[in-house]
Each structure stands twice: as structure tokens, then as C-alpha cells.
Amino acid sequence: MATLLQSCLFLLVLSNFLLLGTPRVPGLTRLTAFQGLLLAALLLILDHALLAGAVLLIKGALLPSLLWRTQKRLPPDALICPTRRVGLGVLAGMAALVFSIWLDGKLVMPQGLFPPMLLPTGLGTLFCGLILIVGRIKAITQVIGYLVAENGIFLLGVPLMTAGTVWFELALLLDVFVAVFVMGIAINHISDSFASIDVARFRSLRD
Amino acid sequence: MSGELAVYLVQFALALALAPLLPGIINRVKAKFAGRHGKPLLQTYYDIAKLLGKGEVISRTTTWTFAAAPAIALAGTACAMALLPLGGAPSPLAFAGDFVLAAYLLGMGRFAVMLGALDTGSAFEGMGASREATFSALAEPVFFLALMVLTSLCLDLGRGATAAFSLSAMFDGHTAGAWLTGKGELLLLPVIFFVLLLVENCRIPVDDPTTHLELTMIHEVMVLDHSGPNLAMILYGSALKLWFFAALAAGLLTPALPLWQQAGLRLLIILLLAVAVGVVESIMARLRMERVPYLLGGAAAMGTLALILTQAR
Amino acid sequence: MSLFITAICILAATAVLCALLAVRPLSENAARAANAVGVVGAVVGCLVGLCSVASGPWTGSESLRLPLGLPVGACSLGLDALSRLFLLPVFGLGLVCAASGGIALRHEAPDRHNFAAHWFFYHMLLLGMALVMTARDAVLFMLSWEIMSLAPFFLIDFNDGDSKVRDASWVYLVAAHLGAVALMAFFTLLWQTTGGTSLETLRQTVSYGPLAQPGTVTGTALFVLAVLGFGAKAGLAPMHVWLPEAHPAAPSHISALLSGAMINAGLYGLVRSFGFLAPPGAAPEWWGWALLLLGLATGLMGILKASAQSNLKRLLAYSSVENMGLMTMGVGAGLIGQSCGNAWIAVLGYGGALLHMLNHAAFKGLLFLCAGEVLHATGTVRMPLLGGLQKRLPLLGAAFALGAAAIACLPPLNGFTGELVLALSLLDGPALFGVERQMGLLLALTGLAAISGLAAALYAKAYGITFLGEPRSGFAANVHPLSWRTLWPLAVPAAVCLAGGLAAPWFFDLASGAAQSALPLPHQMTQAGLDGLAQARASLAVGAKISGAGLALALLLLLARRVLLRRRSVESMPTWGCGFQGASPRIQYTDAGFTEPVAKLFAPVMGLKTRLRLGQGLFPQSGGDLNVSAPDRLRSGLFTPLFTAVESLCNACKVIQHGKIHLYILYILATVVGLLIWGLRS
Amino acid sequence: MLTALLFLPLCAGCIMLLWGRAVVCRVGLPLTALGHTALAAMTAARVARGEAPAELGGLLAPDPLGTLFLMLASVLFLTAAFYAMHYLREEERIGEHTNILDHGRFTNTPERRFTACLCFFLASMTLVTITPHMGAQWVGIEATTLSSAQLIYFHRHKRSLEATWKYLIICSVGIALALLGNILLSVAFHSAEAGRATESLDQVGWFVRNARLAEPTWLKAAFVFLLVGYGTKMGLAPLHNWLPDAHSQAPSLVSALLSGALLNCAMLGVLRGHQIMLSAGLGGLSGGMLIFFGLLSLMTAAIFIVGQGHYKRMLAYSSVEHMGILALGIGVGGAAVSGAMLHAVCHSLTKCMLFLLSGNILARYHTYSSYDVRGMRWTMPVTAALWTAGFLAVAGSPPFGLFISELLIFKGMLAADRPWLSAAYLTLLAIIFVGLSVAVLRMVQGNRPVDMAPAKREPALSVLPPLVLGLAVLTLGLWIPHWLWNFLTRAAALVGA
């Protein structure tokens, strides 16, 4: 049981670094789907079967397919990021992991609530998502980064379900779904009117 | 008291009467130096009398300002004179701070004359007014400095604030004669007053009243356009002014003697001062205009020095 | 008190009425209606106000508390001698300026200006000033102070089509607001330290409160803030920069009101706040010296800058700065006397300052109104273009001459009296202990003498160049005449100038009453103070008699001249050109030429900028020209660099808003990390 | 009644969305607003009377703090709704739009969707203000983001799209962090939860009551995340970057609502966290962080207001400034908190007024640049007068309400013995005043542009709403009713006054 959980968490961390290291958008989309699967698995291990199904549905299938559809509509050259940013991103990811482990040491654990390594993993995923948003300058990668960050938060919320507060996860799923939906719409508008989803071009509003 | 009043009144009458004598004395001294015989001593009286008998020629440009200027100047000077203690007898009008009034009364006359000069719209008279304005503005603080030495001295002598601030107290023999009792710095004051006399009455080395070149004049050029009774008033007014400053210097030099002697001594000193002016005028050349401030600055320095010394005691 | 409230209500009602009129579209009738309402309201209100000031014993103090619907402060008003004294110029000039303004605005185009708005702000200004002078609560004081400071902005802004006017009004607004900020700090700090906002109770609380012992940090901070805040209003150097900008830009009746009544509020604030800030023995002596020096510097700077100006209204503005400097000297002397235990210096310093305030209101109001009439008659106030107005506008010339003589401190006019009392106060310096104190006061008196001497020169120039001689340009040559119908408002301040000189003791009673109530003296000194005031009053009485006699004598001499000249030839000829025949108005002395000797002496302070363009060739056909200007050094040297520095700093920092969204997210990330470390580092 | 308060705008929005005749939208909007305001007023009255209304099993149970912001949001929405009637008519009249900056043609979002989103926006703000449940509050705030994104993108051109995107991404990230804050919060209370008998929905109250039992480290971390998350939405520097863009691109009435109502709702989230920290005895830390943000926001506002040429951005930065002042007031604590409450009220009214006016100016001059606007006092006198008054009010000069509140906050700083903080506060306020004055006066003064017709009567619906708001602010500067002050103090008492 515990070993399964730990290996899931390890895979999650690994997937984070893969995300940070992947320059191409399709790869990122697949990895998000993979993270969704991992989360579902994790929930199964902590035997929340029902929620696991929901997660599998939304994070594992719905959102990736949505992203997939969006990126199909985009010109292929819009899907590659410069590699220099990628390298920096991985380094930043390392730093994020170290920082979250530091936090883990600082926070006094309530007994029996958090499995070991879950907190750093969650925080690390969150930071990795943010780093992804910072490092990539495509609109769609920012959506993916947001998704990853939400995964991290979701992960941190998981132990609380044992404490009975389910609303976090439900709200989160709903929210993620709607948000990504709206963002997808926005991306479509962007690609229509800018003929590109390179947010680095979003510089007309400044001082 | 009544004796003092009598002395005062006599002296005041004398001052009014003898003032025009001073220019005569000065001219006579200068003439002697130049080896000429010179005008009669009473020339100013003759001039005034003659002018009073004449009509006037008035510039078309001018207004009532021009017409009224000499009268105002004369009145101001006369009132200032009335505040002066004469012959050791305090002025019956004396009050705390009367020297401020005296200074501003003279200023009033000066103001009127300047306006009268500007009223003619002549370049020369405007020039004269400008110079007069500048020099009198610089002379005023010096005048105050010199008098402040005396006020602080009065205060040291234990007079109350109210008594100490009037000319009559400053110039009674005890204060003014204090240099005899070892307050040597007081001897600077007559010098300052003499300088002020030269500046205020526009004598050489500040101004040359008798030159024939208007460009170099100050006072004379301002009154170019006056004639007849007005010019008479101007002449008499400037004579009074001369007397005023001479009396100041004289009041400092006379020690505390019985009233009548003091009065006589003072009169004598005034006349001697006229002689001194004449001497200075004949042995000195006129300073260049931009030098005059240095003269006043020197006087101011002396005043400050005297002040410090008085305070230090 | 009830009369005062009535006056306030009348002014407020008129203001509301004007506000309602202001929304109507501009038209001839609207303008006329607005003028009528504004003038009548102001005149009636000010008359009632004057009655309220006169009502009741002068030194008696009444107070009144109305509910103020704010969680802080209270609406408590009070009338004591000080308030009454400062209310006199407010209501008096308010009345005069309203009347003359109503006449002046007839010349303005009704479709280019919103007269109703103008009158609305005029009444707001009057209201603000009246409330400031009577407020007995810090919060109420600040509110009315800000009303008083904001209203003039809209009044100065009257001709806002002109960029110069816009600039001037902006400078005014900024100066006023910065001053108000300092005051906010001042009063709030006071409130914090004493625990109350009522100025009445402050006096008691401070005397045993934390400010009782001199030289505390709080006390120093309070002093500095007060000087900054009130000094900015009073125009003490270097906060005076707004005055020479605002007064030329504003309509003349506004300049008169601002210069005669509003800037007094700064002095009032200083005096009032020292009333509770410096209880007997609590004021460090250096406060007095600081004020004395500040006043002296302001006075000298003001008079020298004034004599450098060629624009008549700018000249008057700088001379207001100079006069405020003199009053500040008086207050400083008062504080010195108080802290050195010399009642004579203390009471006469205060009395002189307050008396001079009263006089200054009269003659400065008169002079500004005259300048306004000159503007209406000729279309310019640039002295190089004027001259010969005395012949063309005799009434106006006489009024200006009177004002000029008064402000030049010439007896028998009122300017002299204040000067005399100040001089008496400083003269007692030798009675202090220590040569440095004695020399300090006496040298200050020397400075005072220098200032008044320069003032005489300045106003000889102002009147002589503007009104005497021959017209220097077409502006002055063909003026449109002014009848007594337009000039009658000037009669009031002119009369006050004369009465202030000839009836000096009565005017001094007003000031001395205020000085007693304002200056907190320990009771062992009160008797001496009363004696001092009595002595000064006696001196003024004799002085007034003598100068009156001088006036009589002058009239007598004129009469004698008239008698002599009867039946004699009085011919009028052209001015004697010393043999030069081709005399023309252009060879007259100009203002620049008149001040040239002074300018040479004080070049560093005056900072004249001369631009000389010579004609070409040996016999130049096109005449060259000489342009002399005196920009304000403190503005160009201190404030402009400061503001530009701040602006460039801000512009340099603007790069952080670069528009790159992913970096914005980076900001968030960095903030989270930083705050987590801050929160959990222990 | 609370349920009605929540569902009235929801249903109205749905109706507009489904059966979206223009007349329905334009008439329905003010009607909804009126009904909502009436209900809100009733609620406020009950709360003021000291009752504790609760519905949906305690999910909706407003406390004074929330009720205050509820009233604000409702009133502002009312004015904006009336303004919208005029605004939408104008928009329809223009028909074919061209972008002011790049002159590209664009169309508007369908009116039905716009009005519907307005209603949803109101509903979500209502939820935020009246629920005592942190989670529900979080949901509400997220909902405001999603519904207002549509509003910002009303004019469908590139710039508004860019603004919308930035708004969406930055705020979503912020909200996500806030959610994490919530999670950490309940982790902090986990051990305490064990002793909790029944699952009541009045979370805030419960947290506040048992804050001592909570695990401090987690509490700190939770507060950090809440602060950053909701602070992003509230527009505290350096998290404010979406704000000027969104406010400058959104239609003016939307900017008015965002700046006047939304920012306060976001602040409510921060306040809840601060409440818990205070009762946990960690008020020092949270106050310090608030002061830090406040000072930073003031600086940022000063930097960008000085020499700002874009008058809507200028207003946006002034919102940043005032959020900073609020943060300062709350962080300092003591007397300053009630001042901050008053400040929130006055700022919302003033800023709403200014943004509505900016809409008028934009419609008349067709430019964002204050350099190109001249002589407003001749072309649009009423707007010009209100614009000037609004400038004075927002710059915090008497006799407007903001002066009183800023004075109280300053007093609080001195009382808390922070002389340097108060000095910096005054200095920055002065700089901001100067910066604002330059731009505003430049626009108001001067001669009428030659190509522009002289003043014609301005439509009543375009000037009346701002006028009403302006009068309200003026009144608050001279007379604050007793009941209102009591209400403010009660609200302030919850956050440590």
C-alpha cells in the first residue's frame, strides 16, 4: 500500500520534471493526461473510488482531449518552445523541489494526516506548474501549467478527504473544468485574432 | 523744566533761523581754499527771499505730485527737527522711539522729492531719483545702527526702556558725553553722523552740488525743474536737513554742562561742522558713484563695532 | 456669536445659490444674475460679519459648539480677540473686493467665463477663511483650511485659456496641498500626543502634557511641521514660490483678497498654534530665533526680488512676501522675549506683527485693486509700457500714491505704526542677557531698517514709473477713463490707510488686545507686558499727533505757495532737457534703470537676467532692445529640480510594468516564496 | 431572503441569456439591481439591528463585515445598471466600432451575454459577501473571475483580448493559491476538528473561536497563500499587474464595478484570513505582511500615476493605491481599522464615479490619452466639474469622505507608534496628489478644441449616477450618520479594531 503510494508520488515528481523538460506542446498534453491518471490511481490507493473515477474522467480524459482539440486547431509552428527556457525550467524545478522539502521540514505535521513525501510532492507540483507558466510563452502551455498547478493543489487536498471535507476536491474539479473551458475559448479567440498564441507578443498594454 | 523748555524753544528758533547760514559758511570756506573771495555768507537768505518773490515755470508733464513735493519735504524735515533735543534740553515732543519717526519723516520728504523728480519725465531727474533712492536706502540702516549704540548705552545707564528710546535721552550730555568717561567707542559715532551728513545732504565726496555736469549730480539734478517758491522751499529744506545732521553730531560731542553753556557749545560745534564740510569739500574729490556704498559700508562697520563694544561692556 | 453664525449662513446660502446658477448655460443674463447675487450676498454677509466682530467686548471670548456629524472632532467655534482681529481683513476686504470685482467683471466676456462658479468659489473662500479664524477644533480647522486653500485655485484659474494662468494655478494648488499635508501631520501628531482635538483644551493639556518640557523630539517635530504648513500659506521663503505666480495670474480683486486676507491665515495659524504649543517656559529659545531669522531672510529676499520685477502685480506679490517676513520677525521676537522672560520684547513683538498684519491688509488690498484698475484702463501692468497715468487717471493715481506711501512706512499713514512697534520691541535687545542675544536683536532691527529703506525706494519706483512722467507706450497713452463709479470701492481701504496712521492708538488697541490673548505669558510678566503695551500706545499717540502736524504743516506751506503765486506768472513749458531739445518719452528712466544701482549691489540675491539686443551697424536703423527679467531662483533652483528628479525616478521605475504576462506570474511566485520564508523562517 | 438575494440575479441572468431581447436586458438590469439593493438594504437593516440572519443551513449568514461589502456591491451595481441603460443604447447606436488605438474594426459581445454576465457577476459577489464559509467564498471569488472575464472582453478587439487573457491567467493562478491556502487552513485546524461535534457551515466563526487550538506553522503558511491568492485579485502590488490592463480595456461601467466592488470582495477574503490570524495571536505577522503590501502598493501607484498619460490606467493605479491604503490601515490595526472600513466605502463610491465619468470622456473625445483631452469645462461642463471633484475626492482632500478616512488611518499609524511609516505614507500621498493633479487639470482646463462642438446638454443617465455617487462621498466627508459609523465600527471590531 504505502510502497504503491510512494511510487505514485515518485512518478508524479518525475512527470513534473518531464513536463519541465519537454519543449513540444503535444508532449506536454500527454504528460498532463498521465498526471491525471496518476492522481486517479493515487485516489484509488487511498480508496476514494468514486472520486477517482471523476478525476480519471475529467483530468485524465476530458481536459487533455480539450487541449488536444485546441492544439489541433493551431498552426504546428505555434507548438514549440525555445530550448534555453527548457533548461532553466528544469533547474528552477529542482530549486522548487528543494524549497518544498524545506517547507515540509518547517511545517509541523499533524499526526497521521499526511503520508510522507506527499506534501513536498504536492507543493513541488504546484511550483512546477507555475514555473511552466513562467517559462513557456505560449498561451496553451500556460493553460497546461495552470492545470499542473491545480494538480498539485488537488494532491494536497487529498488527505483531507479522509477528514471528511470533500468539497475541496469537487469544487476544484468543477473549477478546473470551467476555467480550462473558458481558457480554451480564449485561446481560440487569440489564435483567430493574433494568428499566433505567443503571449510574448502581448505587450501592447504596458507603461 | 520751564528753563529747559525755554532753552529748547530758543534753540529751535535759532535752528530755523540759522539753518541757511550753513551753506553760506561752506561756500565761504571753499572759496577761501580756492583763494577766491566767494559769495557772501548770507547768500542763501538772499536766494530764498528772491525766489519767494518770483513766479514759477512748471513742466507740462507734471502733476500735483511735482507741485506738492517741496512743501512735503520741508514739512517733514521741520517736524524731524522738532524731535531733536537741542542744547541738552529734551524735546517736549519726545517719546519712546521718536527717532524712528524722525527717520521716516525725513524719508517722507525724500520720497516726495523723488516722486517730484520722476514726475517731470526727464531722464536726468529720473537718474537722480534712482541714485537718491539707492543711497538713502543704504543710509537708513547706518543711521539706525548709530542710534542703537546710544539706546543700548542708555539702557546700560539704567534708563527704563521707555525713556531710553527717545532722541532726547540719547543726546543729553550724560549719554553722549560718556566718551569722556572712557567709552571711547562713542567717538566713532560723530564720524558716522558726519558721513551720514555728507550722504544725506549730497555733499562731496558723495555728490557735487556745484558741478555744471548734470550727469554727476544726485540731489541738485532732482530739483532741476523747480523754480520760484518751490525752489525756495527746497533750498530751505535742504539747509534744515544739513542742520539736523550737524546737530546730531554736535549733540554727541557736547558733554554734560549747564544748559545754556551746553546750548552755546552745541551751536558752535554745528557751525564748526559746516566749516569742516567746507574743508572736506575743498580737499577731496567726488567719489565714483559705485564707490559711495563702500563709504556707507565703512560707516556701518564702524557702527557695528561701536555696538559690539558697547554691548561687551 | 449669533451674528457670526448669521454671516456664515448668508455666505453659505449665496454660495449654494451661485452653485445652482452655475449649471445654467452661459449667457448675458446668467452672468448678470450671477454678478448681482454674488456681490449682494458677499456685501451683506461681510457687513453682518463685521458687525459680529465689532459686537461684544473686543477681548471678551465667546464660543459655541454645534454638532459635527463626524466620528472625529467637533464643530466648536470661538471668537476671541485674535480671531476678531484676523476676521477684520477677511470681512472688510471680502466686502471691498466683492464690490470692485463685481464692477470689474462687467468687462469680461460672459460666454467665456462662468461667473456663477466664480462667485461660488469666492464665497467658499470667504467661508473657509471665516471658519479657519474661528475654528476651535483641529479637525474642523483642517476642513475649513482645505476649503480655504482649494477655493482660490478655481479663482486664480479664471482665465484658464492662458497657459501661464494654468501653470500658476497648478503651482498654487500643489503648494497649498503640500502645506495642508504638513498641517495634517501637525494636528494629528498634536492630537496623538495630547489626546484631544479641541484647541481650547490643548492649551491646558500641553502645559502639563508631554510637551511641557522644552526640546522634546515631538515638540521639535511639531514646530517644524507648523512652520512648514503655515509658512507655505504665509509665503515664507522658500515656500513663497506660489505667490509671485498666482497673484499676477489671478483677477485683481482675487489677488487683493488673497494677499490681504488669505495669506494672513498662515500668520494666524502660527500665532494660534504657539498659543498652545509654547506655554510659558515650554518654548525652546531657538524657536524664536529660527522664526526671527526666517522672517528676516524672507523680508530681505522679498523686497529685493520685488524691486527686480517689472510686472506691477508680480512686484506687489513679492512685497507681500516681504511683509509676511516682517510679521514673522515680530512673532519670533515675541517668542524670544517670552522664553527670555522679557515682557516688553514679547508683547511688542506680537503687537507689532499683528498691527502690521492689519495695516498690510489695508494697503496691499488697495494697491492690488489699483493694479487691477490699471490693467482695465491700459490693458497691461508691465511698467516699461506705462507712465503718465497720473494725468489721465487722477483719482486712481491718488489712491495708488496713498497706498505706496503707506506701504513705504511713511508717516502719517498706517504702514509706519506697525514698523514703529516692531522697532520698539527689537530695540530692547540690550536688556537681554548675553551679547549674542543683544546683537542678534539689534542687527535684526538694522535689517528691518534696510528693508523699509528699500521699500521706500521700491514704491517710489512703482508709483513714479507707472503713474508719473510721460506715457512710454500706446497702452498708457490712450487709456479709457475710469470714473469714480468704478473706483469708489478703493475709498474704503484708502480711508483705512489714513485713519490707521492718524488714529494709530485705536488700531493698536485692537492689535494689543489680540496680542495679550494670543501670547501666553507667565503671570509674573503680565504686568510688565501691560506696561509695555501702554507705553507703545502712548508713543503711537504722540507720533500720530506729530505726523498729523507735519501733514498740516505741509498743507499750510502749499496754501502759502498758492497765496504767493497769486497774481504772478505761472507758465507751463516742456520739461527742461538740460539743453537737449529732442527729448521724447523714450528717454525716460525705466523701472530697470531705476533699480540698476540696487541690482548691482545685490546681484546675487536679485538674480536679474538681462537680454540685450543691439542694433546693427554704426547708425542702427532698427532700435535694439534690452529685456530684464528676474525669475525666482528658489523655484528654478530648488523645486523644479526636485520635482523633475521625482518624475524621472518614477519613469525609470516604470520598466516593471513591461506587459510580459509570464514574468507577472514570476512576480507572484517570488512573492509566495518570499513570504513563506518570512513567515516560517523561525 | 438571503437565498432570494443570491438567486435573484442568477435567475435574472439566466432569463436574459435565454430570452435575450434587448428591451428585456436593458429594463431587466435596473430592475434586478433595484430588487437586489432593496433586499440587501433589508439584510443590512437586520444585521444592524444585531440579528444574525442565516439560511441554507448557515451557508448564507452575513456578518457586519460582509454586509458592508454587500451593500457597497449592490449600490454600485445599481448606479452602474442605470448607467448601462444609456451606455448600451449608445453602443447600439454606434453599431460598427473601430478601435481607438489601432483603428481596427471590431464588434461587441452580444448584449444578452453581457447583461447576463453582469448579473452573474453580481450573484457571485453576493455569495462572496454573505457566506461565512471559506470554501463557498472561494467558489464565489472564482466565479467572479470567470464571469467578469466575459465583461472585460465586451469590445472584441486584440487589446481587450490581451487584457482578458492576462486577467484570466493571473487571477486563476491567484485563486488557485488561495484554494491551497484554504486547504492548509483546514490542515492547521485538523487536530482541532477532531473535537468538533457537528459540521456547521459557519466556518469563519468556528475558526476564529478555536484559533488558539490551530497549528501555528500551518496557519502562517495558510495565511501566506490566502494573502497572495486573494491579494492578486485585490490588486496589491506586486500582484496587481492584471489590474491596469483590465480596467483600461473593459467598458467603463465594468471597470467601475471591478474597481469599486470586486476589489473589496477580494479583500474580504484577505480579511477573513487576518481575522483568524488575529484570534490565533499571530496578528503581528499578518499585520506586518499587510503593511508590507500596502507600502509597496502605494509606491507602485505613485510610480505609475506620476506622468501617466492614459487616464483610465491612471484611475486603475489609483485603485492600487487605495487598496494599499486599506491594507496599511488594517495591518496597523487599532483605530486605523475603522478608518480603513470608512475608506473602503468612500473609495468604492468615488472610484465608481470616476470610471463612469471616464466613460463619458471616452465617448466624447475618442481617446485614452489625457494629453489629447482639452477644455472639458467647455465641451462637457457637468462631467468636467464632477471629474475635478472626483479627483479632489480620490486624492483625499477635504471636504470629501476620503480625507476623514485617511486622517483616521494616519492617526492610527501614529497611535501604533510608527513615525517612519506615517511619514512615508504622507509623502507618497502627496506625490500621488501631484501626479493626479497634472493629468486631471490638463484635461479639464484649457480652451475648447476647435474641431469640437460647444457644450450640448449631456444625457441625464450619463451624469446622474456619477453625480449621486459624488454627493454621497461629499456627504460622508461632512456628515457620517450614526448608524453607519456604528456599523463600520462593528465591522472593524471583527478585524482587530
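Order of writing sets the labels: A, B, C and D. Residues in every chain begin at 1.
Everything that follows uses one rule, which is that contacts are C-beta pairs under 8 Å (C-beta built on N, C-alpha and C of every residue); 3 or more make two chains touch, one makes a residue touch a chain.
What you see is a predicted model, and the numbers here were worked out from it, not measured in a lab.
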{"item": "Common touching chains of chain D and chain C", "value": "A"}
{"item": "Contact-graph distance - origin chain A, target chain B", "value": "2"}
{"item": "Farthest chain (mean CA position) relative to chain A", "value": "B"}
{"item": "Cα-centroid distance, chain A relative to chain D, in whole angstrom", "value": "31"}
{"item": "Distance from the mean Cα position of chain D to that of chain B, given in whole angstrom", "value": "79"}
{"item": "Chain centre separation (chain A, chain C; CA means) in Å", "value": "69"}
{"item": "Centroid distance [mean C-alpha coordinates] between chain C and chain B, Å", "value": "36"}
{"item": "Contacts with 2+ other chains: residues of chain C", "value": "654, 657, 659, 661, 665, 668, 676, 680"}
{"item": "Sites on chain B at which at least two other chains make contact", "value": "none"}
{"item": "Chain D residues counted as touching two or more neighbouring chains", "value": "165-166, 169, 173, 217, 221, 244-245, 304"}
{"item": "Pairwise chain contacts under the document criterion", "value": "A-C, A-D, B-C, C-D"}
{"item": "Residue numbers on chain C that touch chain B, as the complex places them", "value": "344, 387-388, 390-391, 394, 397, 401, 405, 408-411, 416, 419-420, 423-424, 427-431, 435, 438-439, 442-443, 445-447, 449-450, 452-454, 456-457, 460-461, 463-465, 468-470, 532, 535-536, 538-539, 542-543, 546-547, 549-551, 553-558, 560-561, 564-565, 568-578, 583, 585, 587-589, 593-598, 600-601"}
{"item": "Touching residues (chain side chain A, partner chain D) in the complex", "value": "103, 106-108, 110, 113-114, 126, 130, 133, 139, 142, 146, 149-150, 153, 156-157, 159-160, 163-165, 167-168, 171-172, 175, 178-179, 182-183, 186, 189-190, 193-194, 199, 202, 204-205, 207"}
{"item": "Residues of chain D that touch chain A when the two form their complex", "value": "101, 135, 138-139, 142, 146, 149, 153, 156-159, 161-166, 168-169, 172-173, 175-176, 179-180, 182-184, 186-187, 190-191, 193, 199, 215, 217-218, 221, 244-245, 248-249, 304, 308, 313"}
{"item": "Interface residues, chain A side, partner chain C - complex", "value": "99, 103, 106-107, 127, 130-131, 133-137, 142, 199-200, 202-207"}
{"item": "List of chain C residues in touch with chain A within their complex", "value": "654, 657-663, 665-666, 668-669, 673, 676, 680"}
